[in-house]
Amino acid sequence: MKSSSPLKWFGSREGLYYLALAFLLAVILPLVLDPFRLNMVGKYLTYAFVAIGLVMCWGKAGILSLGQGVFFGLGGYCMAMFLKLEASTPEATAIQSTPGIPDFMDWNQLTELPWFWEPFHSFSFTLIAVIGVPVLLAFVIGFAMFTRRVGGVYFAIITQAIAAILTILIIGQQGYTGGVNGITDLQTLKGWDIRTDEARTALYFVCVGMLFLCLFVARLVQNRKLGRILVAMNAQEMRVRFSGYDVAAFKIFVFCLAAAFAGIGGAMFTLIVGFMSPSFIGIVASIEMVIFCALGGRLSILGAVYGALLVNAAKSGFSESFPELWPFAMGALFIGVVLAFPNGLAGLYRSYVMPLEDRLFKRGKAEAQTSAEPVATTASAEKTDDYDPMINTYSPEKS
Amino acid sequence: MFDGYTSSELMSIFAMQGFAGLSLFSVFVLMAMGLAIIFGQMGVINMAHGEFMILGAYTTYLTSSFFQSYLPGLFGGYFFFAIILAFLICAALGALVEWLMIRHLYHRPLDTLLATWGLSLIMQQAYRSIFGAREVGVDLPEWMMGAFQVTDLVELPINGLFVMIIALSIAVAVYLLMYRSGWGKNVRAVVQNRPMAEAVGINSAGIDRATFALGCGIAGIAGAAFTMIGSTGPSSGQAYIVDTFLVVVFGGAQSLIGTIISAFGISQAQSTMEFFLSGSMAKVLTLLVVVGILMLRPEGLMALKVRR
Amino acid sequence: MSAAKSKGTDFLLAVEGLTVSFDGFKAVDDLSFYLDPKEIRVIIGPNGAGKTTVLDLICGKTKATAGSIKFAGKELTKLKEHQIVHSGVGRKFQTPSVFEDLTVFENLEVSYPQGHSVMGALAFKRDRAVVEAVEEVAETIFLTDALNEPAASLSHGQKQWLEIGMLLIQKPDLLMLDEPVAGMSVAERKKTAELLRVITRDHTVLVIEHDMQFVGDIADRVTVMHQGKVLSEGSIEHVKSDPKVIEVYLGH
């Protein structure tokens, strides 16, 4: 196949993009930012986990979930429950009427720890639950909806309703969940104080590491046949089904994958920010997560990271100086991304920056072309990376 | 949960809560009808629907202030004027939004959802800048205050009854418009087969714009009615949007009757449970049941079985 | 026909008493017909006769209200679409539905019957066997030179062939084609007839077609449908001279 060598070169360019992001996150930002700002960037990055999941789920497979905050929140609450229990030793809570339970339970006249809190004494259980609980819920929702062929707008609305339900439930059940304030005053992780500058910087690097782990999982999925099926399913669901694929299973998988990413992001959020509350779960928070993904470019997993960073940085910037303007900017962002730049930053990069790069790398391309390879290489599988013609699947005007 | 109530007390509770539910039902019906028209006929999800409703509410608020200051003699009738004004303003804004935004997004329902969400953020913030973050209320005209005393324990407030009458009249009007008028026939023709409808000379772009405007206009009426039973704040609309979507989906998107039945069921369930449970748990339970049923029966209550 | 009913196992496909109703309207009404292995059967009939619905029912796109569809002794009405595909039934749709953004090669590769589970698709590698199968099918469907072209750049006729190729690579026992030559040029029609003849050497084929010239070219037997029922069945000559058929086609 004559195109296999330029593809290989594509692959190496793709590698450079990943390196650039790694360099930015792991070297430049830690060098130029003070610990407080770095901690904020860490917080933004936790949203990037959700955005990567949305790229897979919405961008690739066309399943728009407006309830990703649910999975983010569940992951976050699992971690927060563990940390809260660690902070609520009988010694530390000796002044309560029931020592040894979290303070908000005591305030709400609970006299013993609810059963579902018990397992969160164990750190290993917590780590499993951070991924397991969101994935389990995603599986139940996905199974119920996708096997009955519910998709599109209906799915979006149902997931939004679930976000609403969970928020109301958490706020309403104050004694069990900490209510509207959430689970606060988290102090140590296995005896390690997470509130110090050093700890926060360390957690930032853990977050970056986890993010790249998720990026590579997402990249693996998109570059395999699995990723191609997801995109194909979005465009021609019927044909995929009658090519012998169980479409529902693929949708459930990608929805669970997105939930797992969101859960990890939520747990990292709790660690980095030091609390978790229902305001990160609800309808508004959930739909904002979609814009992170849309701004970055709904088909680009790297774009999702930049999208999450930029939107959240802008939000902090506006909120500090012109809080009343932020909703206008956010609203305009939603409308603009949908109407004018459906492929987001990645799309702009592809149309305006990549041609420049092409000129720069021209010589390299010519060299690469001389070493042609036969058809049967896995190199051509790498074609389906961030920067390939599959971007064209986003072509809604087709009827 | 019925412990400690006598049967006659229970009956009264059900009657009172049932009536409280009917007010909620009226708001649901009015909001859901606009949504259902837009979603059912055009496949467009309008996330800013709640904000259109609030626009209607603010219009009513301004009208009532105007009458209070300049035409106090006619204050008793301001509401009828406000309701028409709310409809017109919302419909006009709806047509504008359709022209600027929605028409570029047909066939991309998920994108419309996001774009209209953006619109809702902008509208909310605009309200906040113009009217302030505090909720505002209108003064009811004399004749709307008070209540009918049905039994010793049961009394029905007049404003609630009035809102219900508005909701039902609008429902009838919409039914007549959609199923008994030539224009409604054109709308349905466009829904069923757009190219064919165009081929027989129906201006489908015009139909789209008018349908969207109509849906928004009805939201405006909903907002006007809303002021009769509650106060209005910049984000009051958002509080209803999820419930109303569920009402529409639960009823079966294309069915007007289904929408009304599901609005009735959901509002009654919620307000009855509210008396026995905390408000938030009543809402959680209602939403959970609705979502659960939708998972088992995704086509909604009243969907036609059609060839797909 | 009643004699044939006695044993379902001789047939590759036995459709019996098949009925589906949409809100009371019976699109297919108590329909029965049988396909022998390696047979080419063409279903004809006026618009709205229920032809496409029959294919929808066999491939599982539509669920039957009543009746049975036995394929190689296996009941299909209870299976899901992908399970029906795995039992050896391939379906081509009326309008070409190929993956426009994938190349011809990738289109065929996606249809290759391997790695169809989620984990299978994650582990799938393009090995020699896949490449050979793709190249072989590409040759059959006249698209060898277009293997690296995106499917979007193909002509309408080529897309139809590609979709047929996507079925062939699944190695089905039964191929169902819905109007395979609709919208094709005369030259393309000829080539398609040639393609079908190659295919039928080792497949059973069920075709819906309007073009009587084309039907005469390829059919072993013809089933005429009218208002969801079988109106007539037999050779093309038999069917053409059947007064009931003539009445339906010319009567109103």
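General remarks:
Letters A, B and C name the chains as they come in the text, with residue numbers starting at 1 for each one.
The rule is short, and it goes like this: contacts are C-beta pairs under 8 Å (C-beta built on N, C-alpha and C of every residue); 3 or more make two chains touch, one makes a residue touch a chain.
Which protein is which chain? UniProt says A, B = Branched-chain amino acid ABC transporter,permease protein; C = Branched-chain amino acid ABC transporter, ATP-binding prote.
Just so you know, these numbers come straight off a predicted model, no measurement behind them.
The most distant chain from subunit C is B, comparing centres defined as mean Cα coordinates. Taking the mean of each chain's C-alpha atoms, the chain whose centre lies closest to the overall C-alpha mean is A. Put simply, the C-alpha centre of subunit B and that of subunit C have 48 angstrom between them.
If you average the CA atoms of subunit A and of subunit B, the two centres end up 34 Å from each other. Subunit C has its Cα centroid 43 Å from the Cα centroid of subunit A. On subunit A, the positions that touch subunit B within their shared complex are 58, 62, 64, 66, 141, 144-145, 148-150, 152-154, 156-158, 160-162, 164-165, 168-169, 171-172, 283-284, 287, 290-291, 294, 324, 327-328, 330-339, 342, 396-397, 399. Put simply, subunit C touches subunit A in their complex at residues 59, 61, 80-82, 85-86, 90-91, 93, 97-102, 105-106, 109-111, 113, 115-118, 121-128, 131, 147-148, 150, 152, 163, 166, 170. Those residues of subunit A whose C-beta lies close enough to touch subunit C in the complex are 1-3, 220-221, 224-226, 228-229, 231-232, 235-236, 238-247, 249-250, 253, 375-378, 380-381, 389-390, 392-393, 395, 398. By the touch rule above, subunit B contacts subunit A in their complex via residues 39, 43, 45, 101, 104-105, 107-115, 117-122, 124-125, 128-129, 238, 242, 245-246, 249, 278, 280-281, 283-284, 287-288, 290-291, 294-296, 298.
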